[in-house]
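Shared between the two complexes below is chain A, which pairs with chain B and chain C, respectively.
After this line comes the complex of A and B, so read on.
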């Protein structure tokens, strides 16, 4: 089915393959690769109007979503791409005086919010007009986004001093690049301790612990079973996440739910570090974990060569759903916000028509 | 000034010691067999100490009061002893150089006259004791010096014997040093151990001082001694070089021990205990059954609240069976002190489980009731019987009763989640399955580092029960399907909190989030009068290295391989956590299904306490 698709190019195939076999890991590198792919699409593919380009991008997104259903980031990049195409087209399509108007109305965000939809529905464009500048503008815009992506971790890390005070005991889970950078950029004179739940079976927490310890931050590794026991002395929980869902919930590493729930039990604030590209306008349903989870190999849970492994089932889920009510605060590159505000940010980042790519 | 004071103290000490010796001699016939043996050994050590002192005196011959400096050194060495942290660094040196202490021997050869005097003194004292044997035997005896039997034999007066003894002494001490000396000050043994190390330390310090003196060309030290020490030093160096292989691995282990003092989590500093890797030879004053049990506790060969309790009761039975009342002692008092001593040793091996301390309380109670005029054998028989009954009632019968109670609560198509391994839960589930009334499936949750759940999984799967196995961080993944959570407990605290293997609280928390009932199975012999509201005040810290090893592949984790070399990195392996009563639906005991808060009632009602 996929093979017959004209949009399924060789470069896209290799990108998907690389992500699937783990050549490209981490949300940052995945999004980087995806942006690069679009950049080359812009330059190389045959398209003349914005509409044609949008079809290409949308199809690419659809293929990616089918091939890699758990990598929400790919979809996010696709949506972002569609959004900038729309923006650039509208800018070129709009008469000069109207541009000024929109600029003014952007300042009054609330007013725009109220009026936006009605306006749009009236003058919905078909994106079929030909503009020679479009390609050029898009490439510029895309490089800007790439820059933003590049700086997202640093922007996050810059806020560390606003959130970590001295003599604090911070608990985190597994390994997250954002968390690593964030904690490392806390001013050195603030002495704080980090407790890291190792996140079995991959135990990537070890990586974070050694990395933090090498920059002279006191780090303690605990097995995942000690999270609750430790929680009542913890000041703050700082988590990374795989993606943020439209309702403000998280799809995070397995064990995150336990951490968040224990934190709630002891009224410890849970802070989630989320670079903007991790926000996805997807709703997932809490109690059907199988629907959005990725069940990994159980070799590391119950080795295949143990005699009992033939008689029993074993699971090694990769993700946990964390409901929004367990999260205190998100910190993004732009600043902090609560789970209730996620929908608003999503509306700013993506066009509502693009929320569902498979439609 | 200080020196004078110290010397005064030293003199006083000597006087006291002399007195004590007299006393010992007087009391010997009165005291029981055991005591006399210990005292004798003390005396023997004193003799050795004397000999050593004399050996050192030679170095300071020219001084007016030649005894003072070594004693002062002893005092200073003694004052060093309690401050452990400081000592740790020095002990490394001490350990390294213990072998070299043997180089003290040459001194002895030079100074027979003094020694002879001392030896004569010793002879007088020892004359009263049983016959002396020849060197060959002495040497043999010295090897098991700490064993009580052949004590008198060693009290010979020839210089060669003394020298030999010294040598042997150092060797045994070396072991001692390594073993971390698990005795307590109120034991009789440590007194035996301490003077030796003191003497040894003193010897070392002397040697070092002498070496320094030579280097600095100090005036008050006579040249003869300094030249003597220089040769000593050479010997030391030689020995060091030849023994580098041995020492290198030894020092490595010491260094790792030392650096592990760095790797302590601030919140848990009060819980770190010195690891007790004892050598059985060293503490043979304990009953072999106790030593075995201690080893099993320390090596985690016997784990689980029930099996620990059971093993303890068995060991106690053997101990009581082999116990003979020392003459002039009341049976129950002597037995009690013997048990107390053994229990202290066991506590060093691993802090006692609540079930064990409850069993101990019971044993003490029944022993204290045995003050009738019956013969010891009758009393012992009765006590052993009572212990047997306790084991049967509190562990066996209670388990059966709980198993029946839980079976009532299991319904068809239940999905039961359990965590780790609990003998009680295993028994309950297997029995319910075998009864064939209900069909249910089980989810076994497990966690690193011990993977106790594997054992559970094995025994349940063997019965043909449909099992699922997940790690603890996937609990939320399976919890929606679960209809009941069944957990074991280490203890139930008086405030209704459940103390259990680490992770239990987490499971109960997730279960209560999903509104799944949580049943904790706990026999009443695990009920404790202690109260506690967090997992910090009282807990046990397991071996941090267990976290480093991937038990599936038996390889260390890549990033943690050399955690000991990273000062800011600490793996923490907690053993227990505390589950608050609001997360537990009910506790199943052999008496009834209760809410956690009823623990206090049970504790009051319980007859044994």
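After this line comes the complex of A and C, so read on.
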């Protein structure tokens, strides 16, 4: 059993516990907590070389993925962390004359990307050399990432004026922080209307409606069953998501597939807001795959006290898979891109060797 | 800033019944696996999710095993170990009441606490809503001892956990409580008339189940200590609710919201139902794939409620129907069929087996062509080829079942315990590793059959349900029911007076001995309380007699100046004993009446009446308002005369105070 694992520290246990029992909720807070955890790992753990640190981080990622397989964000932060360790190490490790060369090669990045693997295999470093500056550099880099995370919602929201216009009818589903901020930062003089599918059984759509109403945005709640009926009048669908898979598909709140299909039928554009940390290099290959879905309490769809409750099987899945062909545009902090482009962003953000943490 | 209050909880790790025998002969019932996790984990996890910070587990059977489990859990960072301090108290207790008295003795409980049993399976959110309700009750009513939490069920179930209650509709104070007997199909319940006379609005409930969750005030523990005949939670509740005059305490009721689940694993039938409920995700988030306990996901959740560990090997042509949990390294052979069952770690199932409604613990091996239905199989059991095991058979750890055996409704254990309870000849030896317990259970089994049919007619698989009903625990046949009361009433009058005289002499004896030996006043209170229950004396009578006894002590009687004598007694008993009884307005009136009666009996004391009252008034035992209002009601002339001056003085005093 993993229990003898030295990497399973008390602080990690309490982080996982807090996420598990719902003390830390929402992807933003989770990633924040994870970054803080790594920051303290950098400072407090026993490590001298980049290789040792990477082992610690990788093990942490593995434990998190075992404990909370549905929280893809944890894995993403771990991959990001590994990537910056590699970068910082390479920078220190590289002989002076080569630095210039890499500067040039960054420009020709597409070609570099394709050839990257073969090149790397030749001069693959073992990350075992000792550098005293490494810790310092990593902390600086990590703080940058934290800032980036901090600003991710704002960066998204700044683009709102390009996408939402006057007199438009926008449809969204459930509650997403990104969507909330996005809609609220549309310039006040533009009058638009929002239709919110309540997203039963949790009905978090109600939260969004009250929040939008308090900032004087016209909002209407509709039951999930009315999504199709409303769609012909809608100008745009704006969704948040739990994570984006490697093929550009979504793992989003259940109901998202209904929305996307209806939008396709009426040729309504579907815009998905993704802060960068939600991009995961994971594919869906099977609906029964580990941790694709999370099935919630049966109570929420069928009361226990009904006479039939023992005779029927009721499920309350939390997520829907939305295939990439139904999505018109992703908006990230860096700007818009199509599902086809996801592979490219992933390659920029994570090192290919880190895609699979569990191995 | 206000200091944050720590939320404490007490978990009783014993059910004080024999329903899980013979498993409980070799291990603590708290560690009996339920869907592959020791049962107590569910309670701990629930408490943890309710952000409880300190938990005491009171354990009397195999406490070292419970302690070992807790220690290992903390090392392994199980979910409940994070942010929660769990401690095991090992003590020899035979009932819940004993456990509570033990806790009271240790004095570790500092405030309101949650009281639960290890066998309560719930996803209730007690905090903040129910805890707040309890705190509000306490604020309104200083005598609140407990807030019990009940859960609504669909009516018609009979598992022995259902209750019929009456509450005050507005305050939710419990006024009547009766457990529904699982086999006597009562159709009528008798409520005392006073309930309806004393309360404006009463609500009656008959659709509630008692999952054994309660929030207790600090005053609950001393109540257990004072009344050492309270053994079970029911006796406690009944004691307080039915004898409201006897106890200055009250109990309130809260209901869980409809979307929260709570049930008690009271016997094997409940074990089966609750296991199925867990697999059907009614108890979310306490479901196998969320990792009850472990901070690690152990199962994949697949269609039809199949939970499968990654390391499980399942032969290609076997069929796994529905509601199945397969733990680490389970191996299932060709052509086997599994439905509604749980398999523990490292279990091996051979070829062509059928397993339905069965619970199989870790490391068990089931050989080819076996048929297992409606049974519980312990850990490390070996079942050889071609066996049929059905109808609620329970096989405990380490047994070996030989080829082609057939068992139906039997209890089999691997060795004969040294316990006295078990007679050697009540076992039939099957082989060195299997002894069958012989017991005439035919009658109970027939009784239960219809019950189970009602519950389970949904499932064709479950034609033969787990029938093993262990002996139904002896529910006290409603001792407090109004019938018995009315029958006894006529005789009571004569007896009651005699009783009170004996009681008075006993109190005098206790006080005299205590006074002479200068023993601990706490013991005196205990002595008085116990005589009080022996003679069934009401609370106000106790107050009356205690005061009377004080004046009838030899010290007072023999002293030249009776008041001086009483002062001596008071110096010793006043703080603890007298103040313990004489608190509250009613008690003061009792005290005054007692003094007057003493004066009438003793010529020596009579002239001192005013001075006695003045002394007690100075000692803050009596208040001026009570004395004055009592004085106005009294119709004895000599008292009026004797106290005239004192009362005038008191009135002046109060007037000057108010100015």
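The rule we apply is simple: the second predicted complex is superposed on the first by the 350 of 359 C-alpha atoms of A that agree within 3 Å, B and C clash if a C-alpha of one lies under 4 Å from a C-alpha of the other, contacts with A are read in each partner's own complex, and residues count from 1 in each chain.
Note that a contact is a pair of C-beta atoms (placed from the backbone, for glycine too) under 8 Å apart; a residue touches a chain by one contact, two chains touch by 3 or more.
Here the structure is a predicted model, which means the values were calculated and not measured.
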item	value
Touching partner for A:66 - first (chain B), second (chain C), both, neither	second
Touched partner set for A:16, first chain B, second chain C, both or neither	second
Partner chain(s) touched by A:8 [first = chain B, second = chain C, both, neither]	second
Partner chain(s) touched by A:221 [first = chain B, second = chain C, both, neither]	first
First, second, both or neither for A:200, with chain B first and chain C second	first
Chain B versus chain C as contact partner of A:296, first or second or both or neither	second
Chain B versus chain C as contact partner of A:311, first or second or both or neither	both
Partner chain(s) touched by A:262 [first = chain B, second = chain C, both, neither]	first
Chain A: partner with more touched residues, chain B or chain C	B
Common interface positions of chain A, toward chain B and toward chain C	293, 299-300, 303, 306-307, 311, 313, 315-316
Chain C to chain A touching residues, read off their complex	48-49, 75-77, 79, 81-83, 123, 152-154, 258-261, 276-277, 280-282, 284-285, 289-291, 295-297, 300-305, 310, 322, 455-456, 458-459
Chain A contact footprint on chain B (complex, rising order)	265-267, 447-449, 454, 457-458, 461, 466-478, 480, 501-503, 505-506, 509-510, 513, 534-536, 539, 547, 550, 552, 557-560, 563, 566-574, 576-578
Chain A to chain B touching residues, read off their complex	169, 193, 197-201, 203, 206-207, 209-210, 212-214, 216-230, 232-233, 254-255, 257-258, 261-262, 265, 287, 289, 293, 299-303, 306-308, 311-317, 320-321
Parts of chain A lying in touch with chain C, wherever the complex brings them together	1-3, 8, 10, 13-14, 16-18, 20-22, 63, 66-69, 288, 290-291, 293, 295-300, 303-307, 309-311, 313, 315-316
